[in-house]
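Two complexes follow with chain A in common, the first pairing it with chain B and the second with chain C.
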Partner chain A sequence: MILNLFEMVVFGASFTAILIAGATHLRVNLALYSVQTLFIGFATAMTAHAHADDMGIYGIACAITILKGLIVPVCLVMAIDKIRIQSDAASIIPAPLAMHLTIVFLGLSYLLVRGLPVPLEFSRGWPGATAAISLVFSGLVLMLTRRIAISQIVGFLIIENGIYLFALTQTHGMPMIVEMGVLLDVLVGVMISGLLVFKIQHSFEHIDVTRLTQLKD
Partner chain B sequence: MQSLLTLGFVPLLVTVFSLVTRPRVSRVVVALLCWVQLIVAVSLCWPIVIGIQSQISWTEDFSVDRLSASFLLLTTFIGACALSHAKCFFEMEETVSPTYNATHEQIFFACASFFLLAMSMVFVCENLGILWVCIEATTLATAALVYFSRTKHALEATWKYLMICSVGIAFALLGTILIFASSQHGGMPTGSLNFTELTNHATSLQYSLLRLGYIFCVVGFGTKAGVFPLHSWLPDAHSEAPAPASAMLSGALLNCALFPIWRLTQLVVEAHHGQLATIIPLALGCITVLAASLILIHQHGIKRLWAYSSIENVGIMLIAIGLGSGSLFFLQAFNHSVCKAALFLLSGNVIQATGKKSLADIKGILNLSPVWGIALGLAAFGVTGSPPFGSFVSELLILIDSANKGYWSIVIALTVALLVSFVAVNIHLAGILFGTSPKETVGPGPFATSCIPILLIVCAIASGITSLPLFVVHMK
Partner chain C sequence: MNYGAADTVVAWIVSLFSGFLLPILLIGTIRKVKARLQNRVGPPIFQALFDLVKLFRKKQTVSSTVSWIFKWNGAINLSVMLLLALSVPWLCYKPVSLGADLFFVLYLLALSRFSTVLAAMDAGSAFGAFGASREVTISTLVEPALVLALASIGILTQSSDLDAIFSFSNAALSNTSGIWLLVGTAVILAGLVELSRMPVDDPTTHLELTMVHEAMILECSGPNLAMLECSQLLRMAILFGLSAQCFLHSIPCVWTMTIVSQGIIHVILMFVIASCVATFESVAVKLQWRKVPEFIAYCLTMSLIAGLIAVGGSLVK
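Right after this comes the complex of A and B.
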């Protein structure tokens, strides 16, 4: 089972997600998220190269690397500096256990994607799909097991990266307008939730989302 | 294409206008412009309305057929009603609410009109990818509406809404990608997300990818529609948003979230996998109706009561989708939208007049304002499916349809749920209508606060009477 460069890059992305699930330091998590997105940007650029240097896909690779890989993490780092919160505490499952859970999910993703048909332009479909689905699982684990609102945003971004990677490896080029729309929606969503984090800190004097339980039946 | 752009012109004008002018001016102008937008929408769909054309297509990716045109008009109508009522609502809010802020109101109108635009686009676009983008845009626009009061509760509701819906919609994106991949393995090497193209090649779509894609889309868009057990954001957001926003969320947004499920169900039926497209919506709808009606029994907030009743109605609409009946889906959606919008607007009035949100604290609405009390009672009868409202016709036809197709479990579950919710809602309502109102209330607002709800209730009764022929047709 020898992986080629492209497959190693996509698995690199899914390994960073596993590390994020294990680390509770917010700066480390954001740095790892940035590395993950750079991997995905690189994988996109490699796809563009394979498609006879398609300029449109190169454009998307640049947009992802700059917007999601650099600007979003930098904004979130500025946010945590302002709120003065450095690390997160696990809520339901301790962080090391959550990391092991994501590794189990990586194996599970491999089992899940074997039923999918092999995409047209790849000789084998499992590496890309496994990495993508494991990213979605890791993001969900992070959203479910962390207390701090920033970690929820990072979890959502990882899920989104996984879905993007799935589209990259399992389809032959999504329509450009859809790609751009998705990127825009995600960015605006992150900005709004970032703003809300400030508001939560301001009104509740904490950003522990597990303690947001005033509304119930 | 140009005629399509006119649909976006008024909402964008409203957005800009409400940001640059004072709320007192913009309230009136926005209310007027929203009715202009309804006229634009009607004129755009005119050939369909009078029945000389069954479909209008502007470009490859933008077109309307009879059902989507009906939903487009319904959404625009609900938006116009809610934003016209917003004038009375904010005038009152200025005097009674300590947290009122003019800038927040400007943001409210700007986001509300953008929200209306995004919802209209959902019905005119023929492309699943663009449709996804529009639905996500509605989530982002409504975050500002839910957060209007800037209180802790509103903040909590907004955060939950944004997170749960974003993750749900992300799953719908995964489903969209899977459907795109299934089209590439089928007769279209370049792939397509265009519903017309997908339907034309329906039988050649790769089945395992299509099935996965369909399930992910139903779960994803279902989250946005408040399908049980992914509904937890809905009562929070509906109860914390200001009344005109709740009316739009419940009366218009839920239809938007269900519409892609309807389109995809039709696609899967075309692909000759009717069983999948029947079982999943029926099962989800059935669970949702049952769960919501049981939760309705124990409610303490007036707007939360209507929110759970919306979840129950979403379940009924999902059953209509599962039965493959577009007309029943629309009839149910129409009645729910108009009655629920009326209920939320009236509840907003009641909350402003009494200063209370809890069902236990509100008493004697009939005493306080007979018009509000009667309107509340009629609208509650409308959402719970009593004659002469259209929901009676649609719910009865859904029951008959399920019985004819042999889904007896659905018939039993739906009957139980409808009875439970009817009793629960009306007992809660009787509690607030009768009795004597506390002394410290602000008093009822001017008659203008009842105009829009009365208009909505008249529409609901009219739909009940005009849909009776449907009943006769069905019986034959």
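Right after this comes the complex of A and C.
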């Protein structure tokens, strides 16, 4: 039962999310996010193989790997270069503590999933759902504890990965057009938020979201 | 593992040879790789052996205020490490089975550290005391990580005996690469801390503000120092060997091989680990003292996840 190939891939994704919660260096965060998306893309390809080599799902796997694994991190790295901030030193709780918190959430999501009715084949539903829910939790921890806006974007992207993984492992696969729409939304969202971060930096000379309480024009 | 009489003799000879040669070759590899990365020629690969011989032939200088604790420290350390080297399955082959319970092994490691700490305090110099204080702080942090990592595979094998954990008999574990990789990483990270190597403590420096292990053995000289160095080399070989065992178990096709090829792959893995450690030490900087707990937190993360997977897996079963 413990960690066959599919389980290793999905738990590899949640493992990178845990490491992201522990790393404060923004470039390391983005590189780990890229690795996580590769894991998700690989899990998608394995699902496609299980669904009698469905070409649509293979297409989605390629699109995820290229759009979310390559273009989104590159956009964010460009944003980092522009605002010249390297690390998220001022998190609200220390990064190692946040990392251990996400491990606790991994255990919690395991317990939560045991209460879920598992619809599909028994072997993939449980580990997939556990990894997906723990991804959502890790993203939430990241969004709640970090101060720099880029980290919050990464947290949002991790939540999005988690929701996608949940849908992937609990259904027979969504129509390709829906997936493409979601991917496009994420891409545009990241580009807009990258621009916004730059604007915030430009007008307030910092991107610390906790200090954005007094907005003036 | 039941050997015939001839096999036992061969196992004794091979393990004595590797117990003697491997620690020296490992430290030689680390120093050589580090030197080559810094564009130096570096010491010969057997330099550690020459140093030990030189130290054993030197006269020992002992302060007039120290008690027997200080004088026996080297002997205690070396004998504990020799016992560990015989009982821990850090090689694929083992001549005797002394019963290596994982808690027994971990607390033998702690015992040798305890004796070094006492000796450092006994010598009465200020350096010894602060080195001891730092060493105890670090070891308190890293011990849970090491216990949890080894215990999590203990949960899977339903045994706390390291021999049973690392024997290739339980075929149900052959397809569980993930947990072996996690445990191997945790052991190697904990090993870096235990051995006072680079990100926590620089083994080559004698700068008083930063040294940890070197500060404790500052007062030792001659044969006493040689025995301490010997036990440190053995400790390194044992910890690298344990993590190499974990990585070896994570390769599924190794499980069906003969013991000879397993042993050869295992020794190669140990040297790969040594080279990786040397490379890491060349590119990394020593951490600030305040940052050391964060480094150990990563180690603890690996063990915690491995523990969760083990508990989760055995619950479902």
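Everything that follows uses one rule, which is that the second predicted complex is superposed on the first by the 207 of 217 C-alpha atoms of A that agree within 3 Å, B and C clash if a C-alpha of one lies under 4 Å from a C-alpha of the other, contacts with A are read in each partner's own complex, and residues count from 1 in each chain.
In this section, a residue touches a chain if its C-beta (ideal position, glycine included) is under 8 Å from a C-beta of that chain, and two chains touch if they have at least 3 such contacts.
Since the model is a prediction, treat every value here as computed from it, not as a measurement.
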* Asked: Can A:192 be said to touch chain B (first), chain C (second), both, or neither?
  -> first
* Which superposed partner A:8 touches (first chain B, second chain C, both, neither) -> second
* Thinking of the overlay built on chain A, is A:106 touched by chain B (first), by chain C (second), by both, or by neither? -> second
* To do: Name the contact category of A:32: first (chain B only), second (chain C only), both, or neither.
  => neither
* Asked: Which touches a greater number of chain A residues, chain B or chain C?
  -> B
* To do: For A:79, select first, second, both or neither according to whether it touches chain B, chain C, the two together, or no partner.
  => neither
* Asked: Between chain B (first) and chain C (second), which, if any, makes contact with A:57: first, second, both or neither?
  -> neither
* Structure fact -> Counting only contacts in the complex, chain A reaches chain C at residues 1-4, 7-8, 11-12, 15, 18-19, 22, 94-96, 99-100, 103, 106-107, 110
* Asked: Which residues of chain C touch chain A in their complex?
  -> 156, 175-179, 293-294, 297-298, 300-301, 304-305, 308-310, 312-313, 316-317
* Within their complex, state which residues of chain B touch chain A. => 127, 129-130, 132-133, 136-137, 139-140, 143, 147, 150, 152-153, 155-160, 162-163, 166-167, 170, 173-174, 177-178, 180-181, 184-185, 189-191, 193, 206, 208-209, 212, 235-236, 239-240, 295, 298-300, 304
* To do: Show which residues of chain A lie in contact with chain B when the two form their complex.
  => 115-117, 119-120, 136, 140, 143, 149, 152, 156, 159-160, 163, 166-167, 170-175, 177-178, 181-182, 184-185, 188-189, 192-193, 196, 199-200, 203-204, 209, 212, 214-215, 217
